[in-house]
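In this document, chain identifiers A, B, C, D and E correspond to the written order of the chains, with residue numbering beginning at 1 in each.
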Amino acid sequence: MPELLRIESLSAGYGEAVVLHDVSLALGEGQTLALLGRNGTGKTTLMNTIAGATRQHAGTITLGGVALHKLAPHQRAAAGIGWVPQERNIFRSLTVHENLTAVARAGKWTPDGVYAMFPRLAERKTNLGTQLSGGEQQMLAVGRALVVNPKLLLLDEPLEGLAPIIVEELLAAIRRITREEGLSAIIVEQHPQAVLAISDEAVVLDRGTVVHASSAQALSAQPEVLERLLGVSR
Amino acid sequence: EEAFKIGLILPMTGQQATTGRQIEAAAKLYMAQNGDTVAGRKVQLIIKDDTSLPDVTRRLAQELVVNDKVNVLAGFGITPSAMATAPIATQSKTPQVVMAAATSAITEASPYIVRTSFTLPQVSVALADWAPKNGIKTVVTLVSDYGPGIDAEKFFKDRLTFNGGKVTESLRVPLRNPDFAPFLQKVRDAKPDALFVFVPSGAGSAVMKQFLERGMDKAGIKLIATGDVTDDDQLNDMGDGALGVVTSHHYSAAHPSAMNKKFVEAFGKANKGLRPNFMAVGGYDGMRVIYEALKKTGGKGGGDALLAAMKGQIFESPRGPVFIDAQTRDIVQNVYLRKVEKKDGQLYNVEFDVIKDVKDPGKNK
Amino acid sequence: MSDVVLSCKGLVKRFGGITATNNVTLELKRGARHALIGPNGAGKTTLINLLTGVLEPTEGSITLEGRDITKLAPHLRVRSGMVRTFQINQLFASMTPLETLALVVSQHRGLGASIWKRLGADAAVTQRCTELLEQFRLAEVMNQRTEHLAYGKRRLLEIAIALACEPRVLLLDEPVAGVPAGEREELLQTVAALPADVSVLLIEHDMDLVFSFANRMTVLVNGTVLTEGDPDQIANDPEVKAVYLGHGEDAHA
Amino acid sequence: MLTILFDGIAYGMLLFVLAVGLAVTMGLMNFINLAHGAFAMAGGYVTVLLMQHAGVPFLVCLPIAFVIPALIGAVLERTLYRPLYNKPHLDQVLFSIGLTFMAVAAVDFFVGSTQQIIQLPEWLKGRTEIGSGDWILGMGHYRLFIIAVCAALTVALQFVLAKTRFGSRLRASVDDQRVAAGLGINVNIVFLSTFAVGSGLAGLGGALGAEVLGLDPSFPLKFMIYFLIVVAVGGTSSITGPLLAALLLGVADVAGKYYIPKMGAFIVYTLMIVILIWRPQGLFVRSGGKT
Amino acid sequence: MNAAQKSLLQASRWRAWEPALWAAAFIAPMVLPSHAAIINEIAIVALFAMSLDLVLGFTGIVSLGHAAFFGFGAYSAALFAKHVMPDPLVGLAVAIAGCTLLGAVASLTIQRGSDLTRLMVTLGFALILLELANKLDWLTGGADGLQGVILGPVLGMFAFDLGGKTAAYYSLAVLLVFFVLARRLVHSPFGATLEAIRDNRLRAMAIGIPVSSRIAVVYTIAAALAGAAGALLAQTTGFASLDVFEFHRSADVMLILVVGGTGWLYGGIAGAIVFKLMQDALSAITPQYWTFWIGLFLVVLVLVGRERLLKPWTWFAKKGGAA
């Protein structure tokens, strides 16, 4: 299995504040990484840094051989990044459909594919971004990342605010997409068990550094580690 | 000995800026031509920009009088500015020479005001005298809706009626009016013999253009106006459409006198070929009135003495003979009827008739 | 006094062609711990917006403490004791938590229109603020501008504001969204600890919390009430499982 | 009757050409650019100076009057405007007013404060009349020309914004610059080109409008109110909104001044207030548009 | 007193520099008698800007038509002095009363819509008043302005002098009185509800604040203050003309306020001092092109930032940190 993403000695933050220190990790094609950690440990910051939305101080990010850290944010999408930001950030003056078409790139995933996955969105095609329920916005954010047709999906708390049944469906869909289409994904989540079940790798952050890296299976088999690192036992 | 100070308050920025520039240039020209020492006393000009805000004019006048101890206040682009300053002139006994503002009532606001510009009634009635004699019986008036405009409308109408003509309709356009189309269309539908116009210089060319565009000349309507409309400052850019427009005013850059020729030439030379307009001549003559008064008082220049010396001055101006009426302190002057003509490839208001020694009719009411 | 505090009858809300709320009839009992669940876009938030007067219903009526409030202005409903929280934080960015709470408490105690008194001059008000700040662990950040607070703190403030209004009826819209798993329970504890006669309507997708909190549940689907019952009934309802819970939630049965 | 209608439409169209650039920068980019009038003035002066000093024909001047302000706009966007997108609106007001003051004084310094007058080519000067009696329709050729240019512009702009992805990419960038960039939209280029086009449109408007409205250094301040009225009444979410608003205001103004000249200046302001109180988001916004 | 109360009251305490500033203001006309006229003008503009700060800075309601009240106050005071009685304080009170009424009526027009909507509605309101004043020329003197306004001495003792000293003290005193009132207002619970409305209207409603009536009240109060400023202008200049209603009055006062900074009451005062002095100095140097330099100042102010411009020592410190 060839390697897709490699991050080495990354440090980044906001303005002068450095949030991430010396973070390194790697991910193979078609693999899913669960990124865990308590509140405010820098998970979102890591995702944003890969997407190019924070200030990077040091280190390298390569995606399929391309030096991502040298690219402007909008070029990273072309290089294969699909980003679901934590706060959803739906474009509020665009309709659902425009939200998708504005960023779509040629490839397998089209707006129609997204509608098939989330039928709810198809019914709300002409609603403006602000006229969606919280969960619908979350679905749209995921769909919007898919139509970029990326190699790597960055999903920042994608399950927040979704109905349990949709959570199940979405997790299944992510698993299917990574398995069948060779897409890779990084998922940040508050509920570790749910994501560990569908992930291959797991990384835990604490105060901006990697404090644990193993296979997902290995981590879920160690409840005491979860308890210690995340403060949850479930 | 201390210098003799003239505080010249003018609008130097904003929409009235051209007024200020013309007067400033003329005042400086006068000083260049006549030296800056009069009766042994150095004359100093202090120029202030009031941005056409009367309260600023007033404050500047106050400061000039109290701090700079000016001997004369001069300038004043718009009527409210002159009016707002009047109490200061009265209180401080400082002569106030109004070089531009043209509403009739200004000179009544303070016994220290002397005017060297003109009044709108003065030039409007001249046109109302001329029109009926030249086949114009029915007229529609179109004036800007503010003091001077209403003055012009009223005096034109009264005099025309007196002369047997008839004003069939009186239109007033808002001061801020980008498009004259509806008003002109109304005039066109009314089909008078002539349209009488007063708008502040600047808007004049727009009226004229739209007048032509609407084919009103072809419909047999004549355009007659006060001289503001064919302001010398802009006349040349208006193009041939302006040819033949009849206006009445007290000054034309084409006034055929030796003195004026010299004035126009010197003015142009000093200002990159700029042509002096009626504002400039008001400033030029205002300076003369001040200089002569200073001479007469032997360089002493107390307020009351200066004022007394200003009253009754009779002299030859670039515009022709003028006289500062001792009673009203307003200017008495010839009003000319002019037609726009081309001379040496340039457009000029060429005088073809004159009504001599016109007093401001506003004062007889 | 009747047992029902807040109720709505035949409530309908249409946005253009979309019917977000479709003939909803609901009763909230005094002292209830009532949960409102349902798929995304079922109309839960919309219902709260209707009850609180942010939106105007197309049809139907709302009654609070026996009084018809369908047409009542939003702020007057608050004065009648109905208070809500927002799914997405709605805070006063330029104020500190202390100022925010002082304002809310003053307003609640009828001092909001006083022009001459200084904010904070009233000792009873500041006493209450201090209590709230302690209770929600906001005391150490009470003088920082709200916009500079960490997300978790802001979420706490969001709920503290609602409680500062001393509600008789409290409507909570996904109060723990974005709060880490470990802290969620604790947050709901403060709500659960409200006086017994305060009625609470809770919207939440975290089923662990919902089932540990609620003693009554209503399921909303496509704008209509699918079913209502106690937690056991709902957890075992096959229809609810099919449209909402999925298979992972059998544990609650 | 018809003539009045025609004049009103032409006047409205003129207002629209002048305001459309502002609708783009303010409505779509959410930047309060009160220096809009300064770009319009630039277009006007480019035309006047080229015609007077270089003898360039009017029709050739128009595209140049678009291009030069667009270039100026592009340069200013890169250097000065960009850091201000995220600043509060009041700072934008302050900044753009400051820029306007500078432009006004600079033009005054270099060109002088007198009114500039454009000499139209002969074929634009005349007038055509159709019909007779009450139904006579008199059309000034220049006004016809304005209507034609304006119609073409509207169609083109509407096409770009509605039918191409550019429109939605622009609005996406305005809504959330950071996320738009993260999803592959080249925000800088989108803003740069939009701002340049907005400035260019202003310049074109200035060139077309100078003939009717007159041109002197106080132009940007004098007509700012009119631009704002059009954009406010039309709403800021589309191009058609300001167009319809401009037409409505143009016709109402002309007809009002014709039929009740005494009410002159009141008509536009009263109409504006009534409309805005009735429909605060503007007359022609998409249902439930931005809040 | 607990910690919460202490830090709440801290916010509304008078800082040491405040009395010093006011003392300086009141000494100024004495020490610099030659500048009394401009001190008067600054005080008037500062009051006008402070009034706008109440609606714009504290409540977040933008207005491009604040001159409506300024102008109405000016004409009320001038007409009152001319036709009824020349006492300045009574005239001031009458003008304030008139503007309060007008403000209450106008507050109905600004309840709904976006910033742009409010800008235009307020602007339209002021321009309609301008046109009205122009049309009612039998009363207002139309475009020539209203002359013959002669004011009696303030408190029956201090006649307005040519140097403008009485005027300066009169305006400063009125400014101070209204400043103290406004200061009290913004630090009251009422003031806090205004800020809440500015920050988040939806939430303000959700905690029981009657948003519309609060906006109406503060707008009315601001109208009264603006009217007072207008009245001072008319009284100290003995003149009123149409330009008191003009667009540029409203625009200038907004510029002045934003230059000084919104939302802290001193913004209007600081802005008035900076703007007026700069205008006066620049236009004395170059009467024709001073607007260029004012424009440049505004541009630089925004680009560099108000904070940094006023604290030059931060210019280099920042760079050092980044390197």
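Please note the rule applied: a residue touches a chain if its C-beta (ideal position, glycine included) is under 8 Å from a C-beta of that chain, and two chains touch if they have at least 3 such contacts.
Values in this document were obtained by computation on a predicted structure and should not be read as measured data.
Looking at the partners of chain A and chain E together, the chains they share are C, D.
Put simply, the chain farthest from chain C by mean CA position is B. Ranking every chain by how far its Cα centroid lies from the centroid of chain E, the top place goes to A. Separating the centre of chain C from that of chain E, both taken as means of CA atoms, is a distance of 42 Å. In this assembly, the C-alpha centroid of chain A lies 30 Å from the C-alpha centroid of chain C. The mean-CA centres of chain A and chain B are about 76 angstrom from one another, to the nearest whole unit.
If you average the CA atoms of chain A and of chain D, the two centres end up 44 Å from each other. Shared interface positions of chain A, i.e. residues touching 2 or more other chains, are given as 131.
Looking at chain D, one finds that residues 105, 108, 264-265, 288 touch two or more other chains. Residue positions of chain C touching 2 or more other chains: 15. The residues of chain D lying in touch with chain B in their complex are 3-4, 7, 10-11, 14, 105, 108, 113-117, 119, 125, 127, 129, 138, 140, 142-143, 211-214, 216-218, 222-223, 226, 253-258, 261-262, 264-265. The residues of chain B lying in touch with chain E in their complex are 10, 12-13, 17, 20-21, 47-49, 52-56, 58-59, 62-63, 65-67, 79-80, 83-84, 86-88, 91-92, 103, 105, 109, 145-148, 150, 174-175. Of all residues in chain D, those touching chain A in their complex are 165, 168-169, 171-172, 174-176, 178-187, 237, 288-291.
Of all the residues in chain E, the ones that touch chain C in their complex are 1-5, 7-9, 11-12, 184-185, 187-193, 195-196, 198-200, 202-203, 205-211.
Interface residues of chain D facing chain E in the complex, by the touch rule stated above, are 26, 80, 83-84, 87, 89-95, 97-106, 108-109, 221, 225, 228-229, 231-233, 236, 264-266, 269-270, 272-273, 276-277, 280-282.
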